[in-house]
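Several structures are given next for inspection.
Note that subunit A is present in both complexes that follow, paired respectively with subunit B and with subunit C.
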Partner chain A sequence: MMEKIDLSRVYGPSDDVVVREIEGEIVIVPLTSGIGDLEDELFTLNETARDIWSRVDGSRPLAAVVRELAAEYDAPEGLIRDDVVGLLQELFDRRMIVEKG
Partner chain B sequence: MKALDQPSSPHIVPGRELPLDGASLAGLMRAVLDKGKPFRFEARGTSMHPLIQDGDVVTVEPFAEGGPRTGDIVAFVHPGTGGVRVHRIVRAEAGRFLLKGDNALGNDGALGRDALLGLVAGHERRGRARRLEPAFISPVMAALSRSSWFTRLCRRVRRALGRPGRRARGG
Partner chain C sequence: MPARSYVRKVPSSGAVLWGASGPALARLDIELTERCNNDCLHCSVNLPAGNASARTREWPAERWTGLLDDAAGLGCLVVRFTGGEPLLRDDFEPIYLHARKLGLRVMLFTNGTLMTPRLARLLRDVPPLEAVEVSVYGMTKETCETVTRAPGSFAAMRRGLGLLGEYGVPFIVKGAVLPPTRRELDEFEAWAAALPGQAGAPSWAALFDLRSRPDARRSALIAALRIDGEGYVRLARRRGEEVVDEWRDFCGRSGGARGDRLFTCLPSAASAAVDAYGRLQYCLGLRHPDTVYDLAAGSLREAMTDFLPRLREKRSADPAYAERCGRCFLKGLCQQCPAKSWAEHGTLDTPVEYFCGIAHAQAVAAGLLDRGEKAWTVPDGSARAKRRIGS
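So, the complex of A and B:
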């Protein structure tokens, strides 16, 4: 069964990714297949996703990340929470982030 | 306050569609190789023709202990352009590596170890894996490639056989 993202837990980037900033975009190269493959699919993050990614660094629970973003974005905290959980779930399912600590 | 006006799903993009300049490609490749993983990308140019052709997909691996060595085909950062090239080490001496494309008349100069990214361990053409070359050939090719007469001779032979080698244009 797929594990659900939990706001009380701490997450961070997996060791099986390479992350670079290219032309102002965050590019994530998955290494889960054992190779960095430019012939395969890579992942880029838009500005909102980038703000989330930069905070998901293994240092604090996800709920703290949501609070920080709520202070920065002009949007209801519930909407931000749903957005963060949605992104994290997708990255978690693709093994780009892992639970830390 | 920022507006939350964008969905934050990751955008999935084929790697070959990324707008990578030479420095970005080199940085990406180095970051992957530093994790001990191989890196695959499409090679451009004809300077390693006929062994590696324009559009071949090459796999670069971290150097093994004792490497790089004379005869190895390597990915490296060209000191002039900052771009990634795939050429052969034709001489290794005192920590400096003289690099040259098999089909290029001139060499790239003697570069330090830092400029070398990784070893070309394999390649594919139109989706099919191809053998790079037998290991014993590599130092022989390096010795022959040091001067341009061998490259000129190969071009003449290919022309005589009706398979003219294209002139090197980077790569």
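So, the complex of A and C:
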């Protein structure tokens, strides 16, 4: 059963990946085995995901991240929440983020 | 999983990450040591494993980790650890881990003889993201140790491969076509294809460079092992007649003659090599003093953004080069380059007869030249090659 992202929980980058910034792109490089489908691939984030990623640092619950982004972009929280949960679920399933604390 | 994907896979080359100008450094080759526990007939980097002088001069781990930090800072994605035998270094493991923790992919070139369960486990748990490349120079103890000249190396290499297989570490075996191994080529390819853990087609080298660190005796030994042009073509045809078609097409697409340009190899545009003592080079084979940058007295950034770009602009002033290489349309086939010229003649731009002969034999096989015809005498060579693309 796949674990679902919970807005009340705190998430942050996994120790199983290395996160680099190259030419303004966030590049996620697998460090330990079993990350991603093919181990010789790198991963980058789309523009929406980059904005979210910088805030998913293990310091606050995801709901706080949603509120911050909604305020910054003056956008409905529901819309922002869909993107945050969508991204976090994808990263979580790939073992690129973990629950912190 | 949402219908929309936020995470994009990019090819491991990372080519899509950079704009038109490309990165300052995409790949760094590091010769961790000049020493090797084998003493292969054809090798150009193999001081004895116990050579104290070399060992003393080798950069310590902290210099390498500092250099790796700088490389990552320049956007480097791949580092290749080679030698000599890189696993001879007691500090290989921390250097390797440092590279991986910086998010670098690691290519490891090894003879496999020093593989241990501990290291195989590490390569499984923190994978290099590239198949480990293992040199295999013989299918029997007798053949292998005739090449390696190191008693016990055959069993040790097989043990090392066994460990990689046992721990599920992808690897690729690489052979060498030498007088002792030539008759084993079929057996080598069949054995390699059936190896558990083998991550791709086995490869073999057939064209060997002379010593880039001058050593007349060893260079003479290597020269005596070399295959001639027709032999090379016969060998290449083992992979099918399409290989010859590729030569013809590649030649037709590789542009005109090189004129007085010395550095024409594209892959090196954003790469560099560093020898065991911290000297940065255009590639591992090019050790001409005018082309070497001492990292102890400078920085990797300066080497990549100033020293190497200026070096790449260097032109030949040798009339023989202008007459032959400068007008030759076989540029895409020929291995002529400053590194080969340095190893053979101690210069950057002297035509190397051996590689010239190999390229001409390929061109004859591909129908680009008549036997005895010299490519640089063909006035419309590039047009001829273009006309024959796909024929």
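Keep this in mind: the second predicted complex is superposed on the first by the 93 of 101 C-alpha atoms of A that agree within 3 Å, B and C clash if a C-alpha of one lies under 4 Å from a C-alpha of the other, contacts with A are read in each partner's own complex, and residues count from 1 in each chain.
The rule we apply is simple: a residue touches a chain if its C-beta (ideal position, glycine included) is under 8 Å from a C-beta of that chain, and two chains touch if they have at least 3 such contacts.
It should be emphasised that the depicted structure is a prediction, and the values quoted were computed from it without experimental measurement.
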{"item": "Touching partner for A:E99 - first (subunit B), second (subunit C), both, neither", "value": "neither"}
{"item": "Touching partner for A:D57 - first (subunit B), second (subunit C), both, neither", "value": "neither"}
{"item": "Contacts of A:E3 with subunit B and subunit C, given as first, second, both or neither", "value": "neither"}
{"item": "Subunit B versus subunit C as contact partner of A:L79, first or second or both or neither", "value": "first"}
{"item": "Touched partner set for A:L87, first subunit B, second subunit C, both or neither", "value": "both"}
{"item": "First, second, both or neither for A:T32, with subunit B first and subunit C second", "value": "second"}
{"item": "Subunit B and subunit C footprints on subunit A, overlapping residues", "value": "18, 20, 22-23, 27-29, 31, 36-46, 48-49, 52, 83, 86-87, 90-91"}
{"item": "Touching residues (chain side subunit A, partner subunit B) in the complex", "value": "15, 18, 20, 22-23, 27-29, 31, 34-49, 51-52, 72-75, 79-80, 83-84, 86-87, 90-91"}
{"item": "Subunit A-facing residues of subunit B, complex", "value": "1-4, 6-16, 18-20, 24-25, 27-29, 31-32, 35, 37-42, 57, 59"}
{"item": "Touching residues (chain side subunit A, partner subunit C) in the complex", "value": "18-20, 22-23, 25, 27-33, 36-46, 48-49, 52, 83, 86-87, 89-91, 93-94, 96"}
{"item": "Subunit A-touching residues of subunit C, taken from the complex the two chains share", "value": "1-2, 4-12, 14, 17-19, 23, 72, 75, 77, 100-105, 124-127, 129-130"}
